[in-house]
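Here the chain labels run A, B, C, D, E and F in written order, and each chain numbers its own residues starting at 1.
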Amino acid sequence: MKDIYIADLIGFDEGKNFDSFFLVLGKQQRTTKQNKPYLNLTLGDKTGQIEGRVWDPGDPRIVKDFERGDIVKVRGCVSRFDDRCQIKVDQLRKALDGEADTMDMLPATTLDVGDLWKQLEAAVESIANPDLKRLLDALLSDAELTMAFREAPAARQLHHAWLGGLLEHVVSLLGLADRVAAHYPLLDRDLLVTGVILHDIGKVRELEWETGFDYTVEGILLGHIQMGVDLVEKTIAGLPGFPDRLRTLVLHMILSHHGKLEFGSPKLPMIPEALALNFIDDFDAKMQAMTSEFERSAREGKAPDELTGKVWALDQRQLLNTRAWLKTSGQ
Amino acid sequence: MKDIYIADLIGFDEGKNFDSFFLVLGKQQRTTKQNKPYLNLTLGDKTGQIEGRVWDPGDPRIVKDFERGDIVKVRGCVSRFDDRCQIKVDQLRKALDGEADTMDMLPATTLDVGDLWKQLEAAVESIANPDLKRLLDALLSDAELTMAFREAPAARQLHHAWLGGLLEHVVSLLGLADRVAAHYPLLDRDLLVTGVILHDIGKVRELEWETGFDYTVEGILLGHIQMGVDLVEKTIAGLPGFPDRLRTLVLHMILSHHGKLEFGSPKLPMIPEALALNFIDDFDAKMQAMTSEFERSAREGKAPDELTGKVWALDQRQLLNTRAWLKTSGQ
Amino acid sequence: MKDIYIADLIGFDEGKNFDSFFLVLGKQQRTTKQNKPYLNLTLGDKTGQIEGRVWDPGDPRIVKDFERGDIVKVRGCVSRFDDRCQIKVDQLRKALDGEADTMDMLPATTLDVGDLWKQLEAAVESIANPDLKRLLDALLSDAELTMAFREAPAARQLHHAWLGGLLEHVVSLLGLADRVAAHYPLLDRDLLVTGVILHDIGKVRELEWETGFDYTVEGILLGHIQMGVDLVEKTIAGLPGFPDRLRTLVLHMILSHHGKLEFGSPKLPMIPEALALNFIDDFDAKMQAMTSEFERSAREGKAPDELTGKVWALDQRQLLNTRAWLKTSGQ
Amino acid sequence: MKDIYIADLIGFDEGKNFDSFFLVLGKQQRTTKQNKPYLNLTLGDKTGQIEGRVWDPGDPRIVKDFERGDIVKVRGCVSRFDDRCQIKVDQLRKALDGEADTMDMLPATTLDVGDLWKQLEAAVESIANPDLKRLLDALLSDAELTMAFREAPAARQLHHAWLGGLLEHVVSLLGLADRVAAHYPLLDRDLLVTGVILHDIGKVRELEWETGFDYTVEGILLGHIQMGVDLVEKTIAGLPGFPDRLRTLVLHMILSHHGKLEFGSPKLPMIPEALALNFIDDFDAKMQAMTSEFERSAREGKAPDELTGKVWALDQRQLLNTRAWLKTSGQ
Amino acid sequence: MKDIYIADLIGFDEGKNFDSFFLVLGKQQRTTKQNKPYLNLTLGDKTGQIEGRVWDPGDPRIVKDFERGDIVKVRGCVSRFDDRCQIKVDQLRKALDGEADTMDMLPATTLDVGDLWKQLEAAVESIANPDLKRLLDALLSDAELTMAFREAPAARQLHHAWLGGLLEHVVSLLGLADRVAAHYPLLDRDLLVTGVILHDIGKVRELEWETGFDYTVEGILLGHIQMGVDLVEKTIAGLPGFPDRLRTLVLHMILSHHGKLEFGSPKLPMIPEALALNFIDDFDAKMQAMTSEFERSAREGKAPDELTGKVWALDQRQLLNTRAWLKTSGQ
Amino acid sequence: MKDIYIADLIGFDEGKNFDSFFLVLGKQQRTTKQNKPYLNLTLGDKTGQIEGRVWDPGDPRIVKDFERGDIVKVRGCVSRFDDRCQIKVDQLRKALDGEADTMDMLPATTLDVGDLWKQLEAAVESIANPDLKRLLDALLSDAELTMAFREAPAARQLHHAWLGGLLEHVVSLLGLADRVAAHYPLLDRDLLVTGVILHDIGKVRELEWETGFDYTVEGILLGHIQMGVDLVEKTIAGLPGFPDRLRTLVLHMILSHHGKLEFGSPKLPMIPEALALNFIDDFDAKMQAMTSEFERSAREGKAPDELTGKVWALDQRQLLNTRAWLKTSGQ
């Protein structure tokens, strides 16, 4: 079992030995200025990434046959350069089956995936419109798809960029959708809930998360909006008598959920539920990005009442944690 | 008492006489092609505006001494040109005191202002933070300000453009803020509620609504954001020991609530509550604009399953009323 | 048979009677300033549109039971107001079956649709890649679709806005694609030709052209890009063994052919053929818009060496017809 | 007294020892590749910044208890790496009271602050409008504010980013304002002069310059426009009978002086004096940025007839010094 | 001699006859609803434009052979429709030679053109740099060019859109340039003055002002920047030994004086004098637009303390006349 | 003769000695951390650039008197650091006359310049319009200009950034222009061909390519559009009777060929030939950028079915090589 994580290494003394398992995210041959060859590794686990250096690749305690995507057991110690931390690797071998858990190797939701899934199923169950319920039941009865839905991150790096992030984001939106639908009688709650569940469904194909988070080539060429629409179109094609107009509305919500052409939605929201989906999706992503940013600032040792650095996901704004700032001043 | 409204006139037969009271929004001398002088009036009441023509201004049954802003009693009949309806005015005199109610003369909220105000007071009452409560109590203890707050429209024409519109918008936001704060533990609910109540408070000075809705010159030169900030700054200056940081956060929410520099906010939202305020404010305005648009389409005789025209407040999009569209098709 | 067209009426003397057939594009009840009711009609044929006025709708020679979309026989004369021409209608009845040809009633390509279609078929025939050929054959074997493909306009009003306009545009692009593919060895000619044929195929569903050119509600909510992608996806689903990557490339060309996110393409061209398709599509549309504009200027009596008015489809530029300008000056 | 400045070190031979005083702008613990700890310092004085390295932090000649913001006495020598220069620190202690002058430690105006202040006072004296004069007198009678006004930089790094920069910029604008007001009779000279003096007054609170130039948290959340408006609002509140309209115009000039919403002004200039203020402010800032850039190019050893690098404050343009370019060519 | 101007007609009683001379800016045949032909004219003089109607074109007192561009003598009276004024024309003949002055027929500067020209000549005289002086002397020795320079408007409608407007604008800039150059030692005064005189010189070819203000076809295709550059290039080609670098700088000032690529300058200002030219040119144009707008508001009967309408030349802002607003309130 | 190129060095073993000739693109004195001086060189040849280090500049086998722009003979070996390759220089002297070919020292077209030039001459020969032919003949009879036209790159780094790149780009466009003109009868083929040959002619003055590719100062201040227009203007001035309108059209094509104001064209294309020139120019540049990018990816060892990195010349898109991607999958 893995008990030392990359996040822990920041606090380690230089030179103190440790053993742990990591996922190999990169591996390159290099040469020192004195012309000595060495290996430069990028190692990851669910708490982050770190550089590793094998200064003596010829050492018999360093195996030769590992690649990007392998889990390896490493013995070494921490060294620091400028403000960055790195691992000096003394021994390295591939992990044996069962020695390490893949789920430990990539960042993952801190919530219980089983619980999240039950909340999703409860939301489907709560839908009164029989056609929308049929559609969701059909989609979620595909085992491969639901497995992917439980695992997929919501993005490569912008927000919810961790295993289970897509599901976590959708479940948060389901709660928000219920609150918003209760507030505005104009909204058809069942349609909005359906839009929430399906809006990012294409991400299970747009992204791959086996060996780090990345886009598939198909994902880059087509995008998760089109991939999700196709999934829904083909599912509906298998549902006899599914109403044409309802199909159009569901597809319109997926197509328009980014809210602007320049964000990759080919259509703007033109029905109340699409407008609502666009707002809560954008809002939840930004609230999560704020939360992640405050956690990162804390991890990096910033005082709780300092502004964060400029945050890419929020237009390069700096952010301030209200409660921490008020508390610090005793106000 | 006024019992015939402009909205009713659309259905009137041409040539049929009626009497009613209207607010004079415009008055101009003109001449026919045959060189006969006539009066062109713009008349309004709470259901809309209509043109009126006095073809014989010299008639003794037409008084001379009325101006823009007066309420007048009119006898006349409806005539139609192209698709527009207009009043042929045969008699006109100024209304006597008590004959007509000013509140009937401008569009007004369909909700009960007393009820809305109680909801606002309940929200203030619910605030636990003693400083924020002090601030709101101080502001709402100003009789002139609260009177204006109950009457003010939320805009000249974009959304909630009717008497009581500002209050109606704020009360809708209070409900939404409570739901959103309950969903995100990161949010300080009291701060968000305070932001909701104060974000548009400057509109009571930016707008005037005595004789139609318009901006004051001061409102155009300074804007409601600055006017609201000034009101809050001066109120806080009268509250001994009000915490500096809390003051900064309240002001930041007002300054940033438009969410973008190009929408006139000099600062972007940098705290969670400001981000939330910007989203719910924008969302509520757009939901209300959608609702108004569907009502207008219905009033103009569009079928419920037709798209609306291009809507200015929603980037020239056309909108579709989901429920009506599904119902029409029997789907 | 119709032998007097709207374009001819410009030259008619005022007051001279004529008979002809028109499509009713609009019909409204109105009232004169003297309170007399009259009918205002919008009448069309393939050469344009014109207003018609029935000053005496009670006349027994004017039928009552016609609607938007009907073809009617009209007797009347031309009158002029400002610079606009209008028909004073004295008699009006619905056309009998066979009396008038629907194809005369809307603007249509001046080219032979049969010829155009043969060119399209020849292009399909010329494709060497068996999978792409299979795909096109499958699509073009659907009789309803091919019928629509022969009739559809390419747009409501921007370019090629006439019956057969879509086909005319595609055939022009086929010629251009062959020339461009011959110039750049990097281009896969079969893929480019396939992209040309399919890029706007969704327009057969996005637009309707029975009674004037308009968008369908489904077309406005989903758009021709998504509608075309769906048509191709479902056709490919019926072709066993169709290569996955080839499917992705064909779909990518359709998705990206507008070339910019803000033009409604959710993806930018990322392969050589998609880049080429975007350029030739945009270029052909603009060349056609220029040609139409020069024809219109000529029709409106401008001198051949004058600049046109500001052209919407070309960013409000004014245009100049090179040859005419040089010829006029004797240069 | 400090007689060796950072700007001088560029010309020093490597290895030659020297002593001087610097302000500590940064201090970090680091480790060499050989795992030896060392200190990395950022040292500054009024001529610039430089890195310093303490390779043996345990040496008793290196004190332990200094922090960011302290002035220290350093003995060491210059070393070079790539094109950058750095100090190898052999001895380091905190400066004693009176040993070093704080004003030597940050970049400062090269002009005489006393003279600049007299010019500002003369401008106030020259104002004929008694209310505007009252307002300025009241503001400048606040000792803390005037002290800050004499010291504040005009920006963190864009233009006039040095101690006294704000005052230098304002005094330059006063001269320009007088010239421009003399040219355009439409301009109210007193109002323009008042706008010049007050437009950036909020910067004394938005920025802090004790230990390097930075924004305060309050400054980032509210901005110098709002902070300046508040200062003026509260001063006016203490002036009985100050005319309402004059107050509105002064505030409008401050609010609109950035000239565009996207530059953080919530209002555009709508009166002649606000338009003029926006132009001369922008122009003076750019002229100063050009001058600074030419000086920097000279300092960095560029030939006088070379273009500068791309200048951030001028939209990434390269700049050319006209006179130097003409002189070099003998033209 | 013309003694009744269009601006005077606003105050005339309807039906009262008068005689005056006008320039024919437009002439169209039209027909009344009763099918009677009439003539619709657009008539202009230096104070504005007005519509004219000839209800009986067959009347022998109406000549037949006049065209756009002719000056005509008109007898008629004023009639009004809505808020617009129009001339009912009873008699019309072409003006005899010497009866009317062309300069009365188009809007023209209210300043003395001879005086303006002397100021321009004085500025040329004041230039110390012999090459720049040679260049200006050579250009201004071309009689046709200087004649055009004295007459040309500065724009078709944006600012200084009247005969002599270009010269008026340049002379205002000369005054401003002297003031600005005196303020900034970095500026080469002679170069800036040269830039001021030459920056819009191409407008003498871009515009035509014989029969109203319009662009030439060549002007639309090439633009005044290129036309001015060409004029200067060819003049310099005739000056032996003109320094290459000085030529580049003069051309750069002309090319960059609009200050932004999207305003049609192919280069941004990269030397101090080009930056200064861009600022003062833009500022003077906007100050003049403000002044014209206040005059127009006054002419249209607005109260002096009202905001103007939205002004196109100033990004649709409303403007306020500071002095008038303060004076009205007694403040 | 040079037989070892920079592109070859990637495959060399570290430490193996070699001799070759390089162009010196940069030379700087530096010091190691141990305070030893060394020389840092940037060396180039037609296959790329590489860093060189002279660790012992005092060695008598290293000459002292070489500068940027010299061709030198180097003896040394390859060393590697991170992923970058560098030359350790042991001996260095200036190349003797005739020892090395300048054309080997900068990247150059892989096509035969003589052949390209013949194609250009054939295009000129094919022009039927005698005036256009005269113009091109006159320009191409200038020996200095034609020499530069054969050598110039088309850009510093965006596309066709190699010796002969301008000519290669123009010849590709000539082929494309012929195909496009054959497709659209609206196009005047001779005018389009003339535009193709002249559109970038100013680049022979905007760029310099003696010692690496760079812009001239004059090029940065005026730009190749203006420089090309000037060249054409002056040539036409020497052609008696050249038609004015034809001159305007040729100049308009050069001025507008970037197609957008923000790309530095002061005019938008307003004639068919200018529109066509803009499209084929942009398209050819992007096709060439794609081709170069695929070659670079291959050189850098990417698999043929991988996406490229984000490509600056194509709006940061990633690109995919269609054929390689299909082939890899066996599809």
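Note that in this section contacts are C-beta pairs under 8 Å (C-beta built on N, C-alpha and C of every residue); 3 or more make two chains touch, one makes a residue touch a chain.
The structure presented is a predicted model; accordingly, all values stated were derived computationally and were not measured.
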Common touching chains of chain E and chain C: B, F
Between C-F and B-E, the pair joined by more C-beta contacts: C-F
Centroid-based (C-alpha) most distant chain relative to chain D: C
Classification of the chain D:chain F interface as same or different, half of numbers criterion: different
Chain centre separation in whole Å, for chain D relative to chain B (CA means): 46
Where chain C and chain D are represented by their mean Cα positions, the distance between them in whole Å: 62
Sequence positions of chain E contacting 2 or more other chains: 217, 220-221, 244, 249, 270-271, 307, 318, 320, 325
Chains touching one another, given as label pairs in label order: A-B, A-C, A-D, A-F, B-C, B-D, B-E, C-E, C-F, D-E, D-F, E-F
Sites on chain C touched by chain A in the complex: 217-218, 220-223, 225-226, 229-230, 233-234, 237, 244, 248-249, 251-252, 255, 261-267, 270-271
Chain B - residues contacting chain E, complex: 28, 30-33, 35, 40, 217, 220-221
Interface residues, chain E side, partner chain D - complex: 172, 175-176, 179-180, 182-184, 186, 188, 191, 243-246, 249, 268-273, 275-276, 279, 282-283, 286-287, 290-291, 307, 315, 317-323, 325-326, 329, 331
In the complex, chain E residues that touch chain B: 14-15, 79-83, 305, 307, 318, 320, 325
